[in-house]
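Read through the structures below before going on.
What follows is a pair of complexes built around chain A, which joins chain B in one and chain C in the other.
Right, the complex of A and B next:
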């Protein structure tokens, strides 16, 4: 079929939607800012709750879209609204006239240095969840020493559910990611003490609760309910974390070799920029605003513009996949009705 | 000149006399009330200040400059300054010259209070007194000056932007009564004197008015009603005065000697606080100054409205306004009469009753003392107190420690592993008891450490250590001042770069402690210093202040954005501040790097 479909973003949602559209007989165009496909998933090591390697999933998703037109290292310069279609101008000089645009622009990881009290960028022993995944993948990080670790800490909700950081929303996946990463660290350093500092644990997904219980029972990860108040460095080059254990009602202080900040999902400024070109609305949390947050999450207020994945709010990988499929179907129905 | 009437009296002087008697009694009673309610030592200090010729001279100078000439307003806004001084000084001169006239031409009437005011009604000109033309000219001249002031006042009321004021106060009903009666006094006087100009004589204004409108003004039947109207306008103004903002005129004359005597707010409502409240002229300069003013909903939370509610004893609103304020002190800095908006609010907060009062007396200081007195007493020992805000912005502490180490200065930390709060947050909340407890504990630790210099990174701590601690023999210094001295003494050297820095004056360091030059000197040594649109004492609060007890986080964002906008006018590469709270507030929304001075010094040290 000759109808053009532009998919902005080649992450999980973009790839899956493209794959489904190809199966429906379309040839979608994927525009990706980075030089590779896969989005955040490409940087991840393995996924909860079954420790599936992220590279397997990325490879599978990329393999499915080999028939699509893919522009990597390409950005959207502008989008014009024509009478009943859109003119999309790309940074590689190509311009596309299309009736359908799918936003799969995803999220951005919260900039952890904005929470100064946690010392990211100040102390070498403080890293983020992404840094840790990168280390799992490559084994390279100048900040992480090769010596066995004695104690590791995870801070939940860094830049999520935090009005002061400007993000009131829950990032959904950090709780379970922290549990997963804690288990992985424990596997690497069985002798180490691993602490998780949390506000509350939102174990909503399939097998999440089992995973959490296993972390406590089988791996001995210590969960401390309370926010970290401040982080400092001691003479031996370790980080000293002060927090409150709100269950015990006492302040706690632990000395750690590594502190991992579970940076949350925030709206992607690039996504907002592109959306503003065709005056799409953003919701109160900064993410793109769906036509309806229950019935019509993949539609925008404009005809022919669709959303899938984390551009409308934090989501897990299975949720994103489901939404991408749903958006593909919506697009198919929309084109049929033209 | 001769008298027209043997009695030297007419019934129309009665309203004026009544008004005058009323206002004089009111002011006298009010003054006694304020003085009696001062604490005993303050009262003593107040009376003694009149015996000190230096203070007395300052009193006189301040009263002339502030109440008559409005010098501070002139400096701030020429048009506003002219408007106020023309009315105040012009009216004052009318009264003075009026008395001189009486003294010259009818000295036997000098004891009559009303005679100088209605002089031209009671006197008639004859050929022998042409010398009076000089006084007539002066009288007409000053009447014209006052009238020009009134004209400006009317324009200001209609179109405040003409005066460069974005917003002005919304007058209360009584303010309007006072306002209109004040406006009507001088045109009525002009009219009344116009009627009598052909009898009593006049000058360029009254005489010409009489000649031009001779058909009307020459008709003496209309003369008496006009003089009645003039007297009535005076009566209305005087009687309304205590209930309007114009009460600031007499109150300021009392406030100036009180302030010069060193009297401070000791009670939220009585004594000096009351004098400040009534000295507020409702000019509204604080409305544009207030950092909360970026949102229209907060206009009624400015100092001018606090004073109005305090006069009305509206407790609910007083509490709301007092709690909401960020205590940045800008209203105090710009106030032409010296109303201390921040201190007034803290005093109101002290009235609050709390169910739980924390008890800090059981805090054991032994461990803390041990930690910072390793080296024992030694001359020139530096004790570094980072404070809780610096603990939350570790980059500052790291930079300060790094500079000290590189400079080879021996120092010990007072709160490496937790310490006691400086007490300022409690003081700001008006909870003086717990604050004093903490001040006592910290004083113990500092004394025991044997240090001679107390180094601070947080202006909030710095201010309380300066103002509320008695640390004689120990120098209290903020790191900006300390680094400045290290550079000047050649102990550290900074490499100069081409980076463009803008300096944000933190409220507590700038307006609070008057430290403006040292941080600028340090920055200038490290790079190019540019100024924000509003700086020094006009600097805009970052919005993160812990002074406010109720202001929500969502409301502060607009203030931070406004402050950032002000800072980036000269498009600097980096924003520099000297307060950990400002740093973390700006860091959240800034589009360019935000740094503390210590970080710059650390980076540029060679």
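Right, the complex of A and C next:
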């Protein structure tokens, strides 16, 4: 079919939507800013709750879109609204006239150094969830010593549920990611004490609660209810963490070899930039605004512009996949009705 | 000399200094002790709690934080009625756990 479909973003949502549109007989065009496909998933090690290797899923998703037109290392320069279509100008000099644009621009990880009290970028022993996944994948991180660790900590809600940081929303996946990473650390260092500092544990998904119980019972991960207030380095080059143990009603301190900050999801500034070219609105949480947050998440307020994945709010991989399929069907119905 | 004020010792729990040997021994016998998620069902249903300060939730927490004396004080109020075992959503056999705690920690003190 000759109708052009432009998909902005080659992450999980973009790839899955493209694969479904190809199966429906279309030839979608994927525009990706990075030099590779897969988005954040390409940097991840394995996924909760079954420890599925992220590379398997990325490879599968990329394999399904071999028939699509893919432009990597390409950005959107501008989008013009024509009478009943859009003119999309790409940084590689190509311009596309299309009636359908799908935003799969995703999220950006919260910049953990903004929470200065946690010492990211100041102390070598403080890393983020993404850094840890990278280390699991490559075994390379100059900050992490090769010696066995005695104590490791995880701080939940870094830049999430934090009005002062400008992100009041819950990032949804960090609770379960912390549990997953805590288990992985316990597997690597069975003798280590692993602490999770949390405010609430939001185990909403399939088998998440089982995973949490397993972290407690089988791996002995210790959960401390209380937000870390400050981190400092001691003379031995370890970090001292202070928090309130709100269940005991007492302050608590502990010395750690490694502290992992669970940086949350914030709206990708690139997605807001592109959205503003065709005056699409953002919602009160900073993410792109759907036509309706219950009935019509994948539609925008403009005809022919669709959304899928974390550009409209924090989502898990299965939720993103489901939304991408749903958006593909919506696009198919939209083109049929033209 | 009286300065007109006094200082109480720090209430901070220092996890670096907690001796975990006894708790780990307890965990070998009662693996479910790790499963407590501090919901407080046991404490709210405890008929002795409101008079004696007994709370299974607080006992588990105190033992994890190395505050055995606090835990022992609370356990004195337990009548072993077992109501807490009935309400625990994680299925911890709290009555059995209490008996194990008393046995292990008493033995260590002798």
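Throughout what follows, the second predicted complex is superposed on the first by the 338 of 338 C-alpha atoms of A that agree within 3 Å, B and C clash if a C-alpha of one lies under 4 Å from a C-alpha of the other, contacts with A are read in each partner's own complex, and residues count from 1 in each chain.
Just so it is clear, a contact is a pair of C-beta atoms (placed from the backbone, for glycine too) under 8 Å apart; a residue touches a chain by one contact, two chains touch by 3 or more.
Just so it is clear, the model here is predicted, and its values are computed rather than measured.
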Answer with first, second, both or neither: which of chain B and chain C does A:164 touch in the superposed model?
first
For A:119 in the superposed arrangement: first (chain B), second (chain C), both or neither?
first
Under the stated touch criterion, which partner chain does A:87 make contact with: chain B (first), chain C (second), both, or neither?
neither
For A:225, using the defined touch cut-off, is the partner it touches chain B, chain C, both, or neither? Pick first, second, both or neither.
second
With the two structures laid over each other on chain A, which partner does A:145 touch: chain B (first), chain C (second), both, or neither?
neither
If we count contacts the way the header does, which residues on chain C are in touch with chain A in the complex?
11-16, 27, 31-32, 34-35, 37-38, 57-58, 61-62, 64-65, 90
In the complex, chain B touches chain A at residues 391-395, 397-398, 418, 553-554, 557, 583-584, 587-589
Show which residues of chain A lie in contact with chain B when the two form their complex.
114, 116-117, 119, 122-123, 163-166, 229-233, 242
Interface residues, chain A side, partner chain C - complex
193, 195, 201, 213, 216-217, 220, 222-223, 225, 245, 247-248, 250-255
